[in-house]
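These notes open a run of structures that come right after.
Shared between the two complexes below is chain A, which pairs with chain B and chain C, respectively.
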Partner chain A sequence: MIPTLIGITVLTFAVMQLVPGDPADLRFFAEDSPLDTGNIEQGLAQFRRENLLDQPLWRQYLHYVGPFDLSERGHTWFGGSGEAPWGGLLLGDLGREFFRPHVTILDELLRRLRVTVPLALCALFLSYLLALPLGIYSVMRQGSFFDVAAGVIVFLLYSVPMFWAALMLQLTFGSNWLGLLPVIGLADKDAAELSTFGQFTDVLAHLILPVATLTVGGFAYLSRQMRAGLLDVIREDYIRTARAKGLSERKVVLKHGLRNSLGPVLTLFATIMPALIGGSVIVESVFDLPGIGSYAYYGLMQRDYFVVMGTTTFSAMITLVCILVTDLAYAWIDPRIRYE
Partner chain B sequence: MSRTKGELRNPPARDHWERVRERLRRRKLFTFALVVLAFFYGTAIYAPLIANDRPYALEAIDYGGYEAARKKIYIATLGLDNVLEKTPSQYMEGRTTGSTQSYGDALWSEHQALVNAVATMKRYLPEEDHPPLTDFVDDVARAVELGVDERRQEASRLVFELRADAKELRTRYRAARPDQDPSTSGVLLRPDRSYPLFASLTAVEVFFMVLWWFVVLSLGRSFFARPSKRIRPARRWGWVLPLGTSLLCGAVWWMSIGADETSYYPEYKSGLAEGDLVAQFVVFPPIAMGFAETSTELNHPPSWHASPVTAEEEVGSAGSRGNSHFRPLLGTDGLGRDLLVRSIYGARISLSVGLVSTAILAVIGVLAGALAGYFGGRVDLLISRLIEVVICFPVFFLILGVVVFVGQSLLTIMIVVGLFRWTGIARLTRAEFLRLKELDFVVAAKALGLSTPRILLRHMLPNAISPLLVAATFSVAAGLSIESALSFLGFGVREPIPSWGGLVRSSLNPAHWWIQVFPGLLIFMTVLCYNLVGDAIRDAMDPRLPR
Partner chain C sequence: MLKTSTLALIALFLALPATVGDEVEPGPVEKDVFHPDRGKEFEPGRGGSVTVFLPTSVRMLALPLSNSSYARNILHEVHELLVAPDWETWEFKGVLAHRWDTEDSLILKDGGRLFGKVVDEGENWSVTPISPEHPLDAPRMVKKTDAESLERGTVFTFHLRKDVKWHDGHPFDAGDVVLGWEIYNNPEIQCDSFRSSFQKIERVERIDDYTVRFHYSRQYHKALDLFRSLICLPSHLYNLLDPDHADYDPEADERAVARAVNENPHNSNWVGLGPYRITSADPMLYVAERFEDYFDPENAGWVDRIRWRHIRGWETALEALKNGELDFSAWLSTDMYMGAGTSDANFTDDFYKGTYAYGSVNFTPWNTRRSHLSDPRVRRALAHAFDMEAYRDQQCGGLGVISTGTQATFSPAYNRAVLPLEYDQGKAVDLLAEAGWYDRDGDDIVDKDGVPLEIEYLTIAGHKGDREFTELLKKSYRKVGVDLMVTPLDHPTIIQRLKERDFDACSTSWGLPLESNQEQLWHTKNDQPGRGNYSGVRDPRIDAWIEQADREIDPQKRYAIWKEMQRYLYEEVQPYLYRNTVPRRFAMSKKIRGFQAFGISPGYSIRRWFLTD
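Entry: the complex of A and B
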């Protein structure tokens, strides 16, 4: 856990060092820099000094991770004036935005988490809710029309690129064709005038398509894995024993099969969650939702190095937590696994 | 492994791969997917022959180009005179800032312009008119040599005389245009035959055009030909012939035709339309449009779609080239570029990123996994930790960040899309190698004293290839979708180079549905085909499945 954490910070830091030039160059001299580049040398030098870009790598890394602040106003141990001795990742300090210096990135991320996490969790829940019964039913009726049809549909959904799914849902349900659902944003323009219940349903209506988009990929992946895992288990000897005992097919699959195939499927949670967070960049930019994904997109568009680095580290942390939860859940489901 | 009845009845002469192929052959969907993929790759590779704004063959008089060349003779001579008026040191001082051209370079570049101009003229002039031009070029070359040899005075005098010659040549070779004005005096030009499209093909394109046939034929032979009864000899050098032939063709092309841009006339279609280019005959490709070529039909719906073109859409003036019977099968984008043409060219980017990134991640993943699995201990610990760390990152975030900051070139995208996804293959390889290293054949190889790389690559890797092959197939599909998502967000290759994801992005207005539907459909189909292939291979290689 701890080595992985350190690894994450090192990797993020290292990857960003690969970038030619430094963040200052990127921001001031990028081809499509949003700044106008006249009379900028002074700002450039100041930016470099404030962010330690003119100092050795280990100092930059330490400053980035914390808990010491190594800048001019930082901790006295590192030659600072001691005005602001602490900072860095360990204290949850991800820096500030460049174009809106009053905004700290962590606050912004936490604020936007309230959109992304419910979205992802909804999608995850729906994926499991749909995939488990589908997988079980397919295996119980193996080779039936239902099994084949479900297999084909799942396979098609599995191959749909997420952004295209989002666009097609927009086209179909948006005003162009069916006109059933709102396709942009989190709430209507005049949502404030609605009653509490009205506001609730309004937000819900806005969330249907994004959640559906996120669900498509996760659901297809899960139900394929579910079916394959269950089929693997069904071929085991103890299933034959169970059948020989004269148990009903329902009991065989649900009690003997499902319980033994559930573990691997639940661990997929740790695979799907990062994919969902990564996918939030697409979904949130297509549906224009104020979540982490659209924040990352904003950072990329503005070439804001610290926003990009912050969102990446942050999402890696979320993934790490998910992996941890999965490991614990796995131990809980399968008592044979013990953690010292 | 348990044997099924069918296997007992058949003689066990066929090897594992023969059986795998047999199973694959029975999957209709696998065949279908393979054909579709071959078709897509073929279209991508042969894109310049399918859609291009240059004709395959052209027999024409290029009056515009000829006139420009005729005037260039005098202008280049004047330029030479200008350079020779100055001493080398004066010239060096007078250069525009940033120029690295030396005095000699300046002279030779003027000479080169002259040679090109004369070459253009000779293509259209009758044979008997060539000698004066040849003599003139020789004289100029002599003058340039004198100038470079520091005998500036002589050179200058010579060029001064040549100026008169140039003026005379300029008037003498004025072209007559019998098609426009029968009474004009001047030289009667003869049409010249050229093959502009083929001249524009690069060696790399030719290489892949040849290689494609080999790949398709060998795939066809593997899956659709009757298996021979004979025991198949090991084909260790099977790759030499296809690769060698393709390389050879590419090299020959590169040396003979590849670099020939002298016959390039940039605007064949507008030249023909405006009368600067008078063609005896001209053969255009099936779709006579380049991938960046604009038209006046902005956001035109597909031609088969019954929707009247509104006046507002007619007004656009992005390009004023005459496409009199322009029928966009898949519609056009906001600049009036044909979506079909752009999709055909976009296939090149999208498909190649999928393949190349997978090659990169396969190399990294197999290396890391093999080392971890074979050596165990500290190496294993280190690599496993690294894998754990990389898995924590939402890959898409990381790729986005690096691509945006490192630069949106095709090469960067290929490398980055490959670089962060090697963990899956590495884990598979590690597991396989952990299993294999205990087996007898590896112990035997070790006992024989074979070198470690040989044991790893020649003995263990071929036995671990099945799961890797499946994973690689799926990863091509994943790479392709990641690239298209990148381009869709606007972080892919830069305009005007098309890629499927970027095409979807070119209009997000729901009224222009064709722009979002068709390129996306292509991505979907390709991903689907790769998944079908991967699925089929996995099932075919699974020893537990009956049949």
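Entry: the complex of A and C
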């Protein structure tokens, strides 16, 4: 895991450096900012100095990784004043935002996780909840009209780009057409005046479209995987034996086939969950949700390297944890698998 | 001067019968001009909340550090200034200062300096003290031969109200005003965008707890106007050297003091002096609620809560508005404003739309340092080659005013006698030929010294208005043998290209106050890459006009200078291709009344709004 994580941070750092645009420029030439009324070279130099943007890339990267703070307030070994000798990723310090230096990125990520993770978990739960029965039913009705129609629909859903799905859902369920659901944010603007139950249902209503958007792709992919996995299993000899014993098709599939086909589907958890977290960049931007996806977008547009590095590292860690959990789950489902 | 965005769209001044129009003058402003029930009178009452759309996220509210016009919009409701222009009369009036004295400075040949009311008495100047705690206890006569120079309107003494409290209950006093200026003297504090302006003030005296005196080093035409940007800061929360500060440290050095400002959590969670106090601060959403201890009940506002909500994309914001999640958006594109989205019952049942004049100018700066754009005849040819009026008529429904200068078109400093160059492709071809550009190799592109006339035009990627404009521009230029190559880029990349002057042409805009100081745009000292003189104009005549106007405190004489400079720039230099001046197109909930459109940015005052349900 560690080498993978290091690789991800190196890659992200390198890619961010390749993107044109200087954060120091954005500090003073923001889209809506007044023109320079005088000499701002000093301010630019100070901003670069404080954020190590005037340092070699290797030094900037090592500062990000830690554990030594290499800024002018950092460790005396590296020419700093010694005020804040330690810092960096190794110590759980993701740095501070360029443009709001009173905000630490870790705190902001943790705050925003409260939006992104429930959203992703809801979408994941719904994806499995819908995909497994659909996949199983398709196998039990293999070759039927239902199976073919479900295949076509699921394939179409899988092909739909997430941003397009989000916009279509907004247009359909928002005021433009049906007017049934809120299209942005997590809560109504007057939610504070609602009862506790009212606030709860209000949040649920706001979550429906983002969760649906996130669910579409994952559900479609999972259901096809479930169908394919189960089809492989029911061609095995022991399934033939079960049928020969005179068991009903329902029992054959659900009792003998299902458990053995679940392994590969569960493994997909490690793929789907990071994809959902990644997809949150689009969903949170379209539905205007304050999660880590929209934070990553903000960081990218503001060229805030630390925000982008922080969100990417965080997502990478989630992915690695998901892979670990999946490996453990695999062993639990299939007793033949043991990790030394 | 505000750089609003490169997302400059199309103006809508003339078409709507109820439009406020492109002429804005000081005087009473009618309420609810566009409201379908504008004839119905309502008695304003307190209560309710409004949610206002923010087109961009606001990093922080501490204006000296954040330097954002949107932060300034929010501060209008949650903070107050020493003095501010009246929305309607445009005359300055006291806010935190209940009155102020303005005095002149007499610079003596022996290096001394006297201030007071200076009157010409023939061979002498008489200097009469006006403000309290004055170093002169009686009028004094000074021989003109002993005086080096007279600097008019250079000393301001503000008398502060004594009933003002910060939102945390701490009393406001002169120390907070002084801190608002002192931060510019600490080079470690990240307030460089305003630093050079405030360094025109050489000294500030705290006369007593409620009297502050500012001394300008020299005469400056925007001396009083600069106090609109002086943000008083709560010393007890920002100044480590203030005994009331929780981390009071009399030994704190410059860096520690700077850090307490730069990294102060109140930069976002603002503690201000306005009728509304911030209760929730996030770049995406700021919430402010009524501050009951506000000092001026008559201007305390009607609604109880204001939200400023950032939503990405104007289209999404319109959807949110129609869904009832916003009450006001001042950012509708032409398509949105003219289209079905704001004409069907979904919209008109609960909302209405309108326009108001807003100081801005949309333009394409030509990089005059590039050899193929260095000849004014080429730039004039490019203006003649495109039918801007047809563009306005066909693409913008015949709406909009085409500027010819960098003052707001309704500003008294704008020269209306300077008219846009007429569309005449023949003249464009002749001018190009005169400058040595004609088609020598038969490829339909004019060339000179073996180089074809190709112009790279930078636009914001995905911006529909810019895309349509550049498509038409490209077609028009092709007809006179100029190849326009459009390069869509993201905003940070465009900023970098502009800053490095690595561009031929670009779509951009300026937001303009009632009178814009032209120094930032045209003075030679600002022609370095990264400064506001994007086109790289270097002209001693322009520099002289700017320096003359900078000292001219008679508005009429100054306007005459700006007007002459505008004529010269447009007719002789032609550094910009001007597009339509943009009025704001807004959509508003019908339940809000009391909307007035002002010539002063942001063009409206939320504290004048009230709800009818």
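One rule holds in what follows: the second predicted complex is superposed on the first by the 308 of 340 C-alpha atoms of A that agree within 3 Å, B and C clash if a C-alpha of one lies under 4 Å from a C-alpha of the other, contacts with A are read in each partner's own complex, and residues count from 1 in each chain.
Criterion: a residue touches a chain if its C-beta (ideal position, glycine included) is under 8 Å from a C-beta of that chain, and two chains touch if they have at least 3 such contacts.
Keep in mind the model is a prediction, meaning the values are calculated, not measured.
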Task = Would you sort A:281 into first (chain B), second (chain C), both or neither based on which partner it touches?
result = first
Query = So, A:303: does it touch chain B (first), chain C (second), both, or neither?
reply = both
Query = Should A:100 be classified as contacting the first partner (chain B), the second (chain C), both, or neither?
reply = second
Query = Of the partners chain B and chain C, which touch A:190 in the superposed model: first, second, both, neither?
reply = second
Query = Just chain B (first), just chain C (second), both, or neither: which does A:43 touch?
reply = second
Task = Pick one for A:174: touches chain B only (first), chain C only (second), both, or neither.
result = both
Query = For chain A, which residues lie in the overlap of the chain B contacts and the chain C contacts?
reply = 20, 26, 170-171, 174-176, 285, 301, 303
Query = Which positions of chain B touch chain A when the two form their complex?
reply = 385-386, 388-398, 400-402, 404-407, 477, 481, 484-485, 488-491, 501, 504, 508, 510-511, 513, 516-517, 520, 523-524, 527-528, 531-532, 535, 544
Ask   = Which of the residues in chain C come into contact with chain A in the complex?
value = 1-6, 49, 51, 56-57, 59-60, 66-70, 187-188, 190, 192-197, 199, 262-265, 267-268, 282-285, 307, 309-312, 316, 319-320, 322-326, 341, 346, 490-493, 495-496, 498-499, 510-511, 520-521, 526, 530-532
Task = Name, in rising order, each residue of chain A that touches chain C in their complex.
result = 20-22, 25-40, 42-44, 46-47, 96, 99-103, 170-171, 174-176, 179, 182-185, 188-190, 285-286, 288, 290, 294, 298, 301-303
Key: Residue ranges of chain A in contact with chain B within the complex   = 3-4, 7-8, 11, 15-16, 18-20, 26, 155-156, 158-164, 167-168, 170-171, 174-176, 235, 274-275, 277-279, 281-282, 285, 296-297, 300-301, 303, 305, 308-309, 311-312, 315-316, 319-320, 323
